[in-house]
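Chains: A, B and C, in written order; residue numbering restarts at 1 for each.
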Amino acid sequence: MVQSILDAISLGGLYSLAALGLGLVFGVMRLVNFAHAELITIAAYTLVLTAQFPLAVSLLFTVIVTVFVALLMEFSVYRRLRGVNPAIMLIASFGLSTVLQRVYELMFGALPRSAVVAPFLRGDFKVAGLSITISSIITIVLTIVILLAMGYLIEKTSLGLQLRAASADFKTARLLGVRSNRLISAAFGLSGVLAACVALILVIQNPQISPYYGLNITILSLVGIVIGGIASLRGAALGGFIVGVVLSSLNTLLGNGRVYAYSWLFILVLVILLVRPGGLLSKGSELERV
Amino acid sequence: MKHGGVTKFSIQNLLGPIIVLILLTHFVGGASTSLQLVTQMALCLFVMVLALQVFVGNSGVLSFGHGAFALIGSYVSAILTAPVNIKDNALSMNQLWEPLVSPQVNIYVALVISAAVSGLIAAITGIFLMRLNGLAAGIATFALLGVAYNVFFNNKKIGPGSQALPGVPLIDNNWILLLLAVLSLILVYFINISRIGRTLRATREDAMAAPALGISIFKVRLIAFIISGAVAGLSGGMYSHVAGTFQVQDYYLEFTFITLSMLIVGGSASIWGALVGTFLITAVGQVLLMMEQDLPVFGIQVQIPLGSRAVIIALTFVAVLLWRSGGITNGKEFRIPKLKKIS
Amino acid sequence: MALLEVTNLVAGYGKVEVISDVSFTLEPGKSIGIVGPNGVGKSTLLQAIAGGIAPKGGTITFDGKNIAGKKPEDIVRLGLSLVPEGRQIFSGLTVRENLSLGLTGRRNKKGANEAILKVRELFPVLLTHENHQAGMLSGGQQQQLAIARALISEPKVLLLDEPSLGLAPTVITDVFDRLKEIIEMGTAVVIVEQRANLVTSFAEKTIVIRDGKVQSTLTSADAANSESLQRSYFGAGE
């Protein structure tokens, strides 16, 4: 029971990190970056392929590689699509996602690559007679730390202020001097950092990396940001969290019926969207804008 | 997606794509056995892309849910026509629900039923889905696909689950498939030029903005969604009778992506765009496949590494969008040129 | 030498030309009014100067540099700020955050504190609402915030697009009094209004835009009779 609750919270936290990465980029350029999945995947590959180095080195390397791929996406494709109808951008990101999946397949093979990352985070310990996995605690702690750091960055720094302003009204933000290229690059860079964090947590739990590794979590986080309210980063994080918690709870509660967890989740999503089309955190005015 | 689309009936606009389809079916479909199969599959996909065109192309609302209608159409047609002994024995250790084992109907009756069932499901789900706009609509339609996939993948009482249902009787005739494609094309063409099509285009939302939908827009979208769902169902049904099997995995993310790309690469605003997109992507895929297998293409032998085909297709797709976000045809219909009188 | 010199400017959207030939000059520390009926292209003109849209032709020389087609974020750093139509404050951010955003457009970060202090002195009401959401302010306060936000980058030229829009007459007087102070402190001002009477008495000269071109130029000297003139042009005195 305690373990189930911890699992639900840690999955929720994980999804909220992924949702934040998507939300940052969506905010500044109205792009639903489906290829965020491939950022998570490349981060996971890098973690596994550099597992023989000390964790700190491996992590640093992973962040660098992931941010590089994120910026590469922006420079090679998205920069040229700026201002284009968001539906076209979304489809282009689908295409980019496929390109990267196939490139990974050519580079790393179709079969899963694996290695033990951070073995000291495996296993479980006992508290008051209850057995609790270390990874769930680590996930929760890591998530909280990362969310707090992101919260600080977004609420308290100049970059964060610019990101919030640009998400609300990019045109006016530019008139005030916000540098569009730099800011969008920064958003992509940050989404890369977040993808690396997500990959770290995922890899601790499941170190079997295939070209599609990041797909599932990205789709579900996407669903999350829409039900949370894509107009704000808080909404995105909240939505991601809800999807994670619901999915984890469904898996626990449904027993043998857990294969249908996704169906129940999607039905819940439909209901939420019908009641609040702009997402849970939307106000009337935001509905019209986004 | 550019505004565009044709509003007035013009026999040249209608006949143009039909003639191209006939020529393709005749020359490519008749060239060799392998090209025949490719052509047949392309005809099925073309019907699917038409289904997307009539809804997505006109309303501007992206649907990720049409895979569900194709899936259901494919399933219905397969389960109604596959031989009883196959349904009885081969399927996932005999778990199929009893009333589904015995039915046997004619292929064409089955196709009509697939279109009808998919249309019905589109009607029921559309009542909810068509209230949404923008990204919410995109995610909601995706949720529909997610539910359909999840249920069919796991439930062995209603179908083969994650396995394939083999033995589905084939329509081994290019011309019948062509006829079905042409009929769908004519239907979609008339919807496009009708009041429904015009209203949809007038109220399309390119900005993914989400104002509350007026009741009339809702109705018009719903009608287009139902027709589009039925056509998608037909395409799924056709596909089971071309491939000879039904398998859930054929209708998930990759299918959704490839069919939407076909629409958008060709240009979502016109039937001609749907046609160009479908056959171009199919042709590029086929040529690259032959290159991967080191077979000569038009007498020229170029070998490319195994697996690079999909990269090139997806790259081409992204490149087309970068080059021209309205797609190759940019909303134009193809007209057969008027013959000039020779004086 | 003129601080801002617009020559034969062409601007519009897509294939549509809204502004086909507009020229004017502005000296340092001076003011110019731009008037014309609704939809004539006044906002388009200002957006083209500030970089919000790319001009289709002509030149815009600011401080000796051609700025036509530059990005808005670069133009503001050169010292030209636009207060857009409808104020466009960030209603979800606090007053303080709105003002801080103005800092991004400064060329050098030195002197930022002085600039903030100066602006606060000019608009004391903003000080009392510093931590409130900007959306909660009254219309007049929002306009003041928008002007204050643009001033924080200490521009040499301030462009204002219909600052009187939606404000009560007494509030309008208030806002225009501030603008006078701003000009006195050495900032040149371009002010767009639909109604000529608001600006002819205020600016040294006023240009009238019609059919994408400068139809006539009025000086403050003929402000008195120009008002009746304007009435006949625009058909209403409102």
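Miscellaneous remarks
What we mean here is this: contacts are C-beta pairs under 8 Å (C-beta built on N, C-alpha and C of every residue); 3 or more make two chains touch, one makes a residue touch a chain.
This structure is a prediction, so every number in the text was calculated from the model and none was measured.
Separation of subunit B from subunit C in touch steps, taking the shortest path, is 2.
Here A is the chain whose Cα centre lies closest to the centre of all protein Cα atoms.
With centres taken as mean Cα positions, subunit C sits 53 Å from subunit B. Taking each chain's centre as the mean of its C-alpha atoms, subunit A lies 42 Å from subunit C. Averaging C-alpha coordinates per chain places the centre of subunit A 31 Å away from that of subunit B. Note for the complex: subunit C touches subunit A at residues 50-52, 71-73, 76-77, 81-82, 84, 88, 90-93, 97, 100-106, 149-150, 153.
Residue ranges of subunit A in contact with subunit C, taken from their complex: 158, 161-162, 164-165, 168-169, 171-180. Against subunit B, in their complex, subunit A makes its touches with residues 30, 32, 77, 80-81, 84-88, 90-92, 94-96, 98-99, 102-103, 105-106, 215, 219, 222-223, 226-227, 230, 259-260, 262-263, 266-267, 269-270, 273-274, 277-279, 287-290.
Across the complex, subunit A is touched by residues 1, 60, 62, 128-129, 131-136, 138-140, 142-144, 146-147, 150-151, 154, 206-211, 253, 257, 260-261, 264, 305, 307-308, 310-311, 314-315, 317-318, 321-322, 325 of subunit B.
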